[in-house]
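Lettered A, B, C and D in written order, each chain numbered from 1.
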Amino acid sequence: MAGNSYGTLFKLSTFGESHGEALGGIIDGCPAGIVLDLENIQYEMSRRKPGQSAIVTQRKEEDEVQFLSGIFEGKTTGTPIGFIIPNTNQKSDDYSHIKDTYRPSHADYVYEKKYGIRDYRGGGRSSARETASRVVAGAIAKQVLKDIKINAFVSSVGEIFIDKPYQELDFSKIESNPVRCPDEEAAAKMEEHIRDIRKQGDTVGGTITCVIQNVPIGLGEPVFDKLHAELGKAMLSINAVKGFEYGSGFCGARMKGSEHNDLYNPDGTTKTNLSGGIQGGISNGMDVYFRVAFKPVATLIQKQEVLDNQGNIVELTGKGRHDPCVVPRAVPIVEAMAALVLADFYLLNKTYL
Amino acid sequence: MAGNSYGTLFKLSTFGESHGEALGGIIDGCPAGIVLDLENIQYEMSRRKPGQSAIVTQRKEEDEVQFLSGIFEGKTTGTPIGFIIPNTNQKSDDYSHIKDTYRPSHADYVYEKKYGIRDYRGGGRSSARETASRVVAGAIAKQVLKDIKINAFVSSVGEIFIDKPYQELDFSKIESNPVRCPDEEAAAKMEEHIRDIRKQGDTVGGTITCVIQNVPIGLGEPVFDKLHAELGKAMLSINAVKGFEYGSGFCGARMKGSEHNDLYNPDGTTKTNLSGGIQGGISNGMDVYFRVAFKPVATLIQKQEVLDNQGNIVELTGKGRHDPCVVPRAVPIVEAMAALVLADFYLLNKTYL
Amino acid sequence: MAGNSYGTLFKLSTFGESHGEALGGIIDGCPAGIVLDLENIQYEMSRRKPGQSAIVTQRKEEDEVQFLSGIFEGKTTGTPIGFIIPNTNQKSDDYSHIKDTYRPSHADYVYEKKYGIRDYRGGGRSSARETASRVVAGAIAKQVLKDIKINAFVSSVGEIFIDKPYQELDFSKIESNPVRCPDEEAAAKMEEHIRDIRKQGDTVGGTITCVIQNVPIGLGEPVFDKLHAELGKAMLSINAVKGFEYGSGFCGARMKGSEHNDLYNPDGTTKTNLSGGIQGGISNGMDVYFRVAFKPVATLIQKQEVLDNQGNIVELTGKGRHDPCVVPRAVPIVEAMAALVLADFYLLNKTYL
Amino acid sequence: MAGNSYGTLFKLSTFGESHGEALGGIIDGCPAGIVLDLENIQYEMSRRKPGQSAIVTQRKEEDEVQFLSGIFEGKTTGTPIGFIIPNTNQKSDDYSHIKDTYRPSHADYVYEKKYGIRDYRGGGRSSARETASRVVAGAIAKQVLKDIKINAFVSSVGEIFIDKPYQELDFSKIESNPVRCPDEEAAAKMEEHIRDIRKQGDTVGGTITCVIQNVPIGLGEPVFDKLHAELGKAMLSINAVKGFEYGSGFCGARMKGSEHNDLYNPDGTTKTNLSGGIQGGISNGMDVYFRVAFKPVATLIQKQEVLDNQGNIVELTGKGRHDPCVVPRAVPIVEAMAALVLADFYLLNKTYL
């Protein structure tokens, strides 16, 4: 019952329920002397926050982070950084109708079975609202990582995919549209599709691709804490994620070795990068890239069957303000978790004599 | 530099290089009083070991595990179980030719860059031989888990896939063919394909599907140590793995919520199981199932370009005895890692008051 | 740089500086379904808080704990309990005079050398104020432990000692005097001595004895995480602690085995208890008891030599409101840390099959 | 049930029972590229091993360590170092007489109650024989620490104490006598006393003082993992230890602040060192020193009352070959644990940016 911390040297612990007084966390192990760019942290929060565009939930949440410790005269002190994100404008009555019911493909049922009690308001601890704390820590981790560039973007919504390799994309366009897809043509189709889906009171899944550039050689700790294994765990810990692949991923399983091997250039770089910048669990200096699959949000604004705590199947019509598609808001979360993983390995590498 | 342990309450730590004196490990946290079935442990070892069939590497390794502690009069004592697997019949000269070269898509280069030194014989620590220790621990974890049934099998080799849902497969047939594919028709094609690939001196990738039945409700520790997140990390820590998906996986990312939600039966089971037996990171009592992608083995018995430590690209013809396709031997490894993950959460659940 | 968490299954992480906006922490792993007695938690806080009597610092701090998560309708939910203790009435100007100086036997110098920066106000993170968070978590741990009784008390101040074995003391008298010494005669002498010391602007050390009753047999995890080893670490982590001994302690080192062995009664209890309720690192069902040594507070209200950051030795007269003797207020902290250690082992013991 | 690992970055995991096939361990996190002095490791083993002099147990054990991994061409590779110490010349029949009995002040009773089973031969896992693995790891940690000098010595046996401060002792004399006491006069008395005690079939306790010199400023991780807190835990985890104090220790609790404070010299060193080289849990560059109390060995070669597993009190005369006083052989163990603690913090300090 202690799964709420992530990392060893750069460690995030989080707390908070969707409709409690506040969310928050502790970042332990952030190096001292870093001049924090607080505006940038709030900017990352704004990328995750609800109500930011017409294709995400219209909940209004300010998501303003308050730092309580670990920062003195603008610099990190090496002591733990405590922070809270007050919950404002929560409409708990939105959820009274699910007090005694378990919504399909939600965590209602398992939380009640596991803990014998649950805060049913907005999913309580199982709400994706918890990821706000991850974005705070990830934004700080990015500032620790300095030159390492982490760019995530939406690579598919439903059946609409970007049909280009990431090398042909302009990451500066990621924020140019509400979908966070750098391919403007695909972005337009995705946005339209999300609008349609929302009109139907339905939801749709999608994928996010993340590309990490300027990764130093040597990050990752075999044999269990391989770089891609930690990235995979970090991504799979994000709400609604169903799959993770890096480099050639599942396609690689269909290939022959003679097609798949990345031949070297004399300088140690490779001509191709099906390895995804990782060999034997250790970064090799090439781009690290991976893809994350998100299922469609389970909350529908439609009538559907739910189970109540008396063992009856009853009809329920979803209420509240929900995302028709989660991937646009999940982009900064994917980046944040990637930053947490890298920061931990980055600090660990400094222990080498 | 301490990534060689897995688990918290049921913890495996491993050591050993491919061509050192021995591999081995320590299992710390195995409950006391378990009458160990040592034959079964050796049986699991035999499923992983080289030379077991015509379609795997013809290296002859006995892989005999020797237990050194933690067992008294046939029972576990609750103290750490230390074990070793002596390395026998290693031909170190097989590898002298790669002493100064970095093979494409191997860990040679990154180990040397990360550690400044590497045991080049057979890949040293990066060799899949290390997984023998995992199979020992996994076999013991299975005995701890008793009624939980873990079945992994080969679901694809290259472009050859099983075209049935797992519910239509007979798991008792998994061991009926050298591929470890329960669909005999597909198995035959896969076996033939692997034989062809080997003739070409090439290799091919594949996927393994794992189905876990009779999982109690409540395993998994949100928000970071979700059941599927730990399963993902465990699988991604296995050599050559490129991807992990559970339940609907990447397909789920293409679906609508109205198609994807698993509606409840009155008893709390669900009519469908796109969730893969996990909601909010916690097992819900349905089958837990997932799919793991393995890249083709990088060692080819062909001439190919390699980098030497002087920065020259030279030609090298792969020698030694290698697997044309890794998935048949990886099946027990996938089961072992799944067992380690479940044993940890299974013990953790006992801490609830 | 990540030493701000304690425990594995019942885990406390803390943050906060003496003069920051707030202190606080996260308790991860508290079992679900516990009806928390919040008044009792605030009562424990009041035992630690400044200004509670004439012999402690006259700082006025409300030390009111605010819970932000993990509690729903009065019960713990099994999710992390986040809490904060706002810093009120801090007079930062009290400390401006030490901005550039390192006080003898304080952490000023080492924090600046280790981190390159320090929050000098009131000692920042090194202030004993941090222990307020420990008392919150300890009070909750006590509620988890139910029947296990933890009683700490002041057993010496300077040269004044209780001259009775703890078995002859009435623990209900611990709170009957401001010193928290259950022996009223000794208590009176201690109180008078502390008043004298304060008049001199000096400080004095002391010891606290802690007795834990109704401890179930079997707590403790050899070989490294022995019950007394964890108790020792927990106590030594408290500000100003210089030593720890349990059972016969340092006296035991002067004895012969024939004097020291605890002979058994037929029921498994022992006739004597020089072992301090622990054998081989595991509780044996007898009382667990130990003694903790606290040095005198380093801050004197006298003129003394300090080092400044230019390498000059200068004279400084201590200001602010400080404790002439720390042990009366440290009693609830010792109990809190003991409760954290026991709660962790208590939950761990439930993992046995 | 997983208390058999110590450390985070420099991590030792141990296994093995007194009379099993072998003891051993895994050192994970040892930096790569260290040319190991194997003779020195074996030398440290010889300081701990039985039969080394007339005043220790006359058991003959070779205690020869065999390294199985992590070392290549004489250098550490950064991969885990696995090692075993075969158990030779164990006379299991020596212990058959205690199969059904619980010896006073031994772990027999608690192991059986905790685990429901125990390997009764020679105390099984609770035997001090386990510390042989610690000495191996400690000897390697010392080689990692290079310039940091760790010297432990016997400072008292029973009522015989060294009556000089450590600054007046010549550490080069520690190995000049079988007691490992650098004060030859005291050493002679101690040796004579131990001979008398052994003649009586009795045992006696003692203390070990450890002095660590050339410690860099900044080791230790407040607020829980303070340097002295970890040293305390490490020492208390050694068999038979009852107490730990550092710097002024328990004497400090009797002093006034005006006597206790260590005034600074302009260079940041202090004129006195009652702080024991640690302030706020962080090393300050002065000598770190501490004292460890060992109880008398519980096994007497006398008739004494024991409990049997039927609840009867019966008479038993201790057999076997035991130490009349444990401290001479415990000196290298204290040094080894100190080295493990320092190596972990030493590596951790390298993570600072």
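The working rule: a contact is a pair of C-beta atoms (placed from the backbone, for glycine too) under 8 Å apart; a residue touches a chain by one contact, two chains touch by 3 or more.
By chain, with names taken from UniProt: A, B, C, D = Chorismate synthase.
Please read these numbers as outputs of a predicted model, since none were measured by experiment.
Trainee: Any chance you could name the chains that touch subunit C and subunit D both?
Mentor: Both subunit C and subunit D are touched by A, B, going by the contact rule given at the top.
Trainee: Same or different interface residues for subunit B and subunit C, judged by whether over half of the residue numbers are used by both?
Mentor: The interface of subunit B with subunit C is built from mostly shared positions.
Trainee: Name the chain whose C-alpha centroid is farthest from the C-alpha centroid of subunit C.
Mentor: So the farthest one, by centre of C-alpha atoms, is B.
Trainee: Is the number of contacting C-beta pairs greater for A-C or for A-D?
Mentor: Between A-D and A-C, contacts are more numerous in A-C.
Trainee: How many angstrom between the C-alpha centroids of subunit B and subunit A?
Mentor: Between these chains, centre-to-centre, one finds 27 Å.
Trainee: I'd like the Å distance between the centres of subunit A and subunit D, where a centre is the mean of that chain's Cα atoms.
Mentor: 46
Trainee: Would you mind pulling out the distance in Å between where the CA atoms of subunit A average out and where those of subunit C do?
Mentor: Chain centres of subunit A and subunit C, defined by C-alpha means, are spaced 39 Å apart.
Trainee: Could you pull out the residues of subunit B that touch at least 2 other chains?
Mentor: 1-5, 8-9, 14, 29, 31-33, 78, 114-115, 125, 222, 347-348, 351-352
Trainee: Give every residue of subunit D touching subunit C within the complex, in rising order.
Mentor: Touch residues, subunit D against subunit C: 1-6, 14, 102, 104-107, 109-111, 113-115, 125-126, 130, 156, 158-159, 197, 202-207, 217-218, 220-226, 228-230, 232-234, 236-237, 239, 242-250, 252-268, 270, 274-276, 279-284, 293-300, 302, 304-307, 311-313, 348-349, 351-352.
Trainee: Can you check the complex and tell me which residues of subunit D touch subunit A?
Mentor: Touching subunit A: residues 8-9, 29, 31-34, 78-79, 144, 222, 347-348, 350-353 of subunit D.
Trainee: Which subunit B residues qualify as touching subunit D in the complex?
Mentor: 1-5, 7-11, 13-17, 20-26, 28-33, 66-70, 72, 75, 77-82, 84, 114-119, 124-125, 347
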